[in-house]
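Common to both upcoming complexes is chain A, partnered first by chain B, then by chain C.
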Partner chain A sequence: MITRRRTLIFLAMLASVHVAAIVPGFFAPYDYGTQNRDLPFAPPSHLHLVDASGHFHVRPFVYRWVSRADASDGYREDRSQPYPVHFLVNGSGYKILGRWNASVHLFGVEPPGQFLLFGSDDLGRDQFSRMLYGGRISLLAGLLATGAAIAVGGVLGLLSGYYGNLVDTLIMRLVELFLALPWLYLLFAVRAVLPLQIKTTDTFLLLVCVVGLLGWARPARLVRGIVLSAKKRNFVVAARAMGASDLHILRWHILPQTYRVILTLAALLVPQFVLAEVTLSFLGLGVGEPIPSWGNLLAQLQRYKVLTSYWWMYLPAAGLVFLFLTYHWVSAKMQERFSVSAL
Partner chain B sequence: MARFAKRALNGLLLLAAVSLLSFVLLSLAPGDFFQELKLNPQISPQTLAALRAEYGLDRPFAVRYWYWTKAALRGDFGYSLSYKCPVGTLLWPRARNTLLLTILATVVAWMIALPWGILEAVHRDAWLDHLGAALTSLLLATPELLLGLLLLLFAARTGWFPTGGMTSVNAAANGLPSRFGDTALHLVLPVVALALGAAPILVRHVRSAMVAALTSPFVEAAYGFGIPRQRILWRHALPAAANSLISLLGFSIGGLLSMSFLVEVILNWPGLGPLVLEALLARDTQVVMAAVMLSSVFLVAGNVIADALLYWNDPRIRTV
Partner chain C sequence: MTTTLRGRSKVLLLAASLLAGKAAAARVPQEFAVAQGEPGAAGGRLIVALRSEPKTLNPLFSIDATTREVIGAMQADLVHINRETQKTEPALAKSWSVSEGGRKYVLKLRRGLHFSDGSPFTADDVIFSFSLYLDEKLHSPQRDLLLIDDKPITVRKIDAYTVEFDLKKPYGPGERVFDGLAMMPSHMLQKPYQEGKLAQMWGTATEPGQIAGLGAFQLKEYVPGQRLVLQRNPHFWRKDARGAPLPYLEELIFLFVQNEDAQVIKFQAGETHLLERAGADNFGSLQRDAKARNQCLSDLGPGLESVFLLFNMNQLDATKSAAIAAKQAWFRDLRFRQAVSLAVDRKAMARLAYGGRATPIWGNVTPGNKLWLNANLSHPQDSVDEAKKLLQSAGYSWNSDGALLDPQKRPVTFTILVSATSAQRSKMAAIAQDDLKRLGMDVQVVPMEFRALVDRVLNTREYEVVLMNLVSSDVDPTPEMNLWLSSGETHLWDLGEAKPATPWEAEIDRLMQSQNTTSDPAARKKLYDRVQEVVAQNIPLVYLLSPNILVGAQASVGNFRPAILEPYVLWNVDQLFLRPAGSGKCP
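Let's turn to the complex of A and B:
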């Protein structure tokens, strides 16, 4: 019972991360590109309940950061004016799914106050908003790449397991080749083929295709194994005896048996493919500024000053670790529940 | 012996496939090293064509592949257009450093993973096991990228370790022992980053292999005969579990090579990683190609070694 409730909590968290990545504009208080050159590397805003004169407020509020005269990169709170945090406020416009205009944000404060939940980066951009918008790129790339890998791997695995013989030998040799390759080097070899500066959407599509096409081997081998045992089951043999076509058997009798394993594997592949995007963008070969992606956010840590002085710049990384942990956990639970033996 | 021949053939086929695959990919590339020159109005198209002809970039695909293969078999990977020197002279010192790093990291990772996994297996489902499992999950979810950055932060804060490179600036002036110590100190962070990155998967495999061995009927029987626990663990269970672990050793090298790329770039270790990244940005396809090839060679070599170990450990294979 407790395990079950915990599973539900984990699933809910995972779902909320994905919802936030689908409509980042609503959950992010600011646009990803809005700069505030007066506040580079401002720490996260402190939430207060008691103001400077000792009065208690039911609604939490924040103060503005102003730079301190005695230190070049230090900030102090301007205690003269509290900015209460409101929910569902009107702010900068954004588009939902690139289509519908909206300007309502989940939370925010009256300008000129700024609610920096995760602090700001070198251009004074809100880290929290950038992280949510970054999820739109990174998470979506990971999900789509997983979809591509499973589609390609699934079809090849079905063919390989069902028809056997030459097709099987050929495909399995290819699988061995792709499993053995040092995949990061190959990813770079593919990246080397393409021009360095390309549009964000192109980079994105490319990432999805490349990562998806390099990652098909594991799903293929897994699906093949299931098909091998599934095609000997009595109802499949019966269907064939009744004159069902290969396509019908594959689609309606064999494919449904692979769903559980594929789902379990998918939960393992998503973090791996998200990481591929993060790696490429981290090295400056993926999605470029000013569009945020999780790799771009991490890339800021390559600067010595950022690495050693601003702890809030690690928050996106912590978010990444947390997301991966959740995915691994869900996959492990699915493996238990569906009694999948080996992946 | 037939087994070895088959394995070696497989390895060679793999290398050939990798070379062909990356060659096809790189020849599909729109533009080449001289593309940048096109933007320069002082260079005429004729000059550009002449340059391409001089470096043989205008030959058909098959011819270029043939020349490349012939050269690569001699250990010569062509001429780097951005470094203006043979790729081999660039590559070999870097490859040596990468090899040094990955071999050390493999050893350290196994030295962490073996006791850890065995301990978890012996105390399975006790609090020690759960703690270990939580730790491996956390490590597994932490990208090597982040591990490298955190170690860098650690080095910067404490000042105990150098934050990059392989030798100190004035190292060459010192004697051999101090140079050795200097390099060893520079090795610590990259090796720790790689070993920590590789360890969690190894721990899980060691644990599951050991649990399988410890719960198998022959170990139950050994308990029944009153053989001491320690002896059962080391003399009976561990050799039985070793088989799958040795196969894993060969398999884990591919992952380790990919991981070392990132760690090298972040911790500034002069291995293949930084070289490939630079070459990538300079569109120097020869260098990228050579590095992909070389990493595949390492991979095949690792698998062959694992196979030899398996042969040595498992008498059942020898009879086949």
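Let's turn to the complex of A and C:
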């Protein structure tokens, strides 16, 4: 019972991360690209309930950060004016799923106040908003690449396991070849030959597809194993004896046997491909400025000063760890439930 | 048997002739130069990090700063500009005289000097070196500096230690022309030159024994991607005030560390002795614990570096580079460039990318060059509204989403290339991108490996806009001829113009040529002031800012006297020495 509740909690958390990534504009108080050039590397805003004169406020509020006069690199709270945090506020416009215009945000404060939940980056952009928008790119990369890998790997695995002989030999040797490919260098090469005029988002999608297509080998091997054992089972033999076509047997009798494995594998592959995106962007080969992704948010940590001075720049890493652990937990639970030992 | 005997006799003959040569050379007393500075102790190895690898070790083809810096330690020139005083001083030439109103220079060479391989240096090497620099077929970037009014200077040998230069016309910068022109050994390069193989000589893969120079150091080892090791040249021609031979250091090691942060970490950990250029934020963090770590840091103020936006206005093959060629109509439109210049927030760039340790600029002369800056030049105030008006007057319009459309109603979108290794310039590009968005321009920033970027700018010309920097080698305007003359080898925005493409480029050509042949400093200043005016009016490059020069050294490095002229910390490398660890204090 406890396990079941815990599973539900984990699933709910995972779902909320994905919902936030689908409509980041609603959850993010600011646009990801809005620069606030007076506030580079501002720390997270402090939430207060008691103001400077000792009065208690029911509604939490924040103060504005202003640069310290004595140091170029530091901020203090301007306590002259509190900015209460409101929910469902009107702010900068955004698009839901790229189609519908909206301007309502989950929370925010009246300008000129700023509510920097996770602080700001080197150009004064809200780190929390960028992290949510970054999730859109990174999760999309993970899901798309997983989809591509499983689609290609699944079909080839089915064919390989079902027909056996020469087809099996050919596909399995190809699998070995792909497993041995250094995909990172291959991506560098692909990135280098792309012309300059391609939009960075298109480049990114292209790279994600390449990552996904390169990752088909493992699912193919797994599906092949299931098919090998399934095709000898009595209901398959019976179907064949009754004159069912190969396509019919594959579609209705064998494919359903692989669903559980594929689902479990997908839960493992998503974080793996998210990490691939993070690696690419960290190295400056993912989406370009100003579009955020978890990889290029972390890329700022390559700068020595950022690494040693601004702890809030690590928060995207914490988000990643959380996401990975959740996915792994879900996949472990699925494995337990479906008793898949092949993984 | 006979073969062996013959072989042996050859060896004997060779040995005899070598001895005779040595004896002849030994008869000439060596005329050393004396360096002023704190007398130091000999020995030790000094480690410096370089941001990129040298592209060549051949002085004929060096363009970029790193290459010049490495070559500078291995080679020597006739007359040298002292980076500290910014004045000329005798180098391989011990003295010179000027006649015919600044047209003729007679240089007396030091006697008894030897290249690092032990062979003597004479007037023949000077004549040979200048014939290489002046050879049109070799395309040496230094050639432009030796053309005065489009006529090459001529060199004549008077005797083994005297040469006469005929400049054809009085020459503005005078003997400064000789700075940076390395004297090369004719005995080594004559043959490859005659065979037309000089361009392949002295590349980075050359064996150490195959390179010889008159500089303080000679090549010992080159490990691509890792390090370049130079060792002391025992034949170097300078001594310190006590008469001890220079250089003091036994070895000079250049590590290739492409990332500035990695350079800073190495310096902070004491793995390198000198920090050549630090970024502002790193400089700030270094300053915090410099005392505890016994490191000396100095902010020398704005130097001679300028960062700018370069628009591709080259004559491109419209079939091969159609996408770029289609955008060149915008880049060639002055109002477009003016609008870009008005819209970028230089102050924010200086503050955010350089922590305030940089100065916004609008023209080609940086505030570091106090001697030549045209102080009367004003610049328009940054204004997005003005920029929009300019674009409107040039036929541009905006669609309902606020995106800028050109007169043919195509959306204005372009990429800015930036070196991936420079965090500051990447940040500047992100700021420019945001600023230009306010004009409705859709700008993509593409970070790229530095050498790939230079290759695109100078060779393939496959780029739209680049955010890059240039560093002048001297305060004098003449070394800039390469950039400003329409026929110049680094006339970046339109390389290889057969004749000036625009009237203002023709005017710059005229002015630069004429300041080059005027010896009156006041008249030269007036001419160069006008160049600055023309540049400010026509914006071939959108100048953005000039970073301060921030350098550092471990306190154990003696004679550390950084200057705003390149190479900032290594200009007196022959005098640098290492004190025992723990000793030494910052000035």
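Note that the second predicted complex is superposed on the first by the 330 of 343 C-alpha atoms of A that agree within 3 Å, B and C clash if a C-alpha of one lies under 4 Å from a C-alpha of the other, contacts with A are read in each partner's own complex, and residues count from 1 in each chain.
Heads up, the rule we're going with is that a contact is a pair of C-beta atoms (placed from the backbone, for glycine too) under 8 Å apart; a residue touches a chain by one contact, two chains touch by 3 or more.
Given the structure is predicted, the values throughout are model-derived calculations rather than measurements.
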Touched partner set for A:His248, first chain B, second chain C, both or neither: neither
Partner chain(s) touched by A:Val278 [first = chain B, second = chain C, both, neither]: first
Touching partner for A:Arg68 - first (chain B), second (chain C), both, neither: neither
Partner chain(s) touched by A:Arg337 [first = chain B, second = chain C, both, neither]: neither
First, second, both or neither for A:Ser309, with chain B first and chain C second: second
Touching partner for A:Trp329 - first (chain B), second (chain C), both, neither: first
Partner chain in contact with A:Leu298 - chain B first, chain C second, else both or neither: first
Which of chain B and chain C A:Glu289 touches, first, second, both or neither: second
Chain A residues touched - chain C or chain B, whichever exceeds: B
Chain A residues contacted in one complex by chain B, in the other by chain C: 195-196, 284, 302, 304, 308
Partner chain B, residues of chain A touching it in the complex: 176-177, 180-186, 188-196, 271, 275, 278-279, 282-285, 298, 301-302, 304, 307-308, 317, 320-322, 324-325, 328-329
For the chain C and chain A complex, residues of the former touching the latter: 259, 261, 264-265, 281-282, 284-285, 323, 345, 348, 351-352, 355-356, 415, 417, 420, 423, 426-427, 429-431, 433-434, 437, 444-447, 462-464
Interface residues, chain A side, partner chain C - complex: 33, 35, 37, 40, 72-73, 122-123, 195-197, 199-200, 284, 288-290, 302-305, 308-309
In the complex, chain B residues that touch chain A: 14, 17-18, 21-22, 25-26, 28-31, 137-138, 140-143, 145-146, 149, 152-153, 156-157, 254, 257-259, 261-262, 265-266, 276-277, 279-281, 283, 285, 288-289, 291-292, 295-296, 299, 303
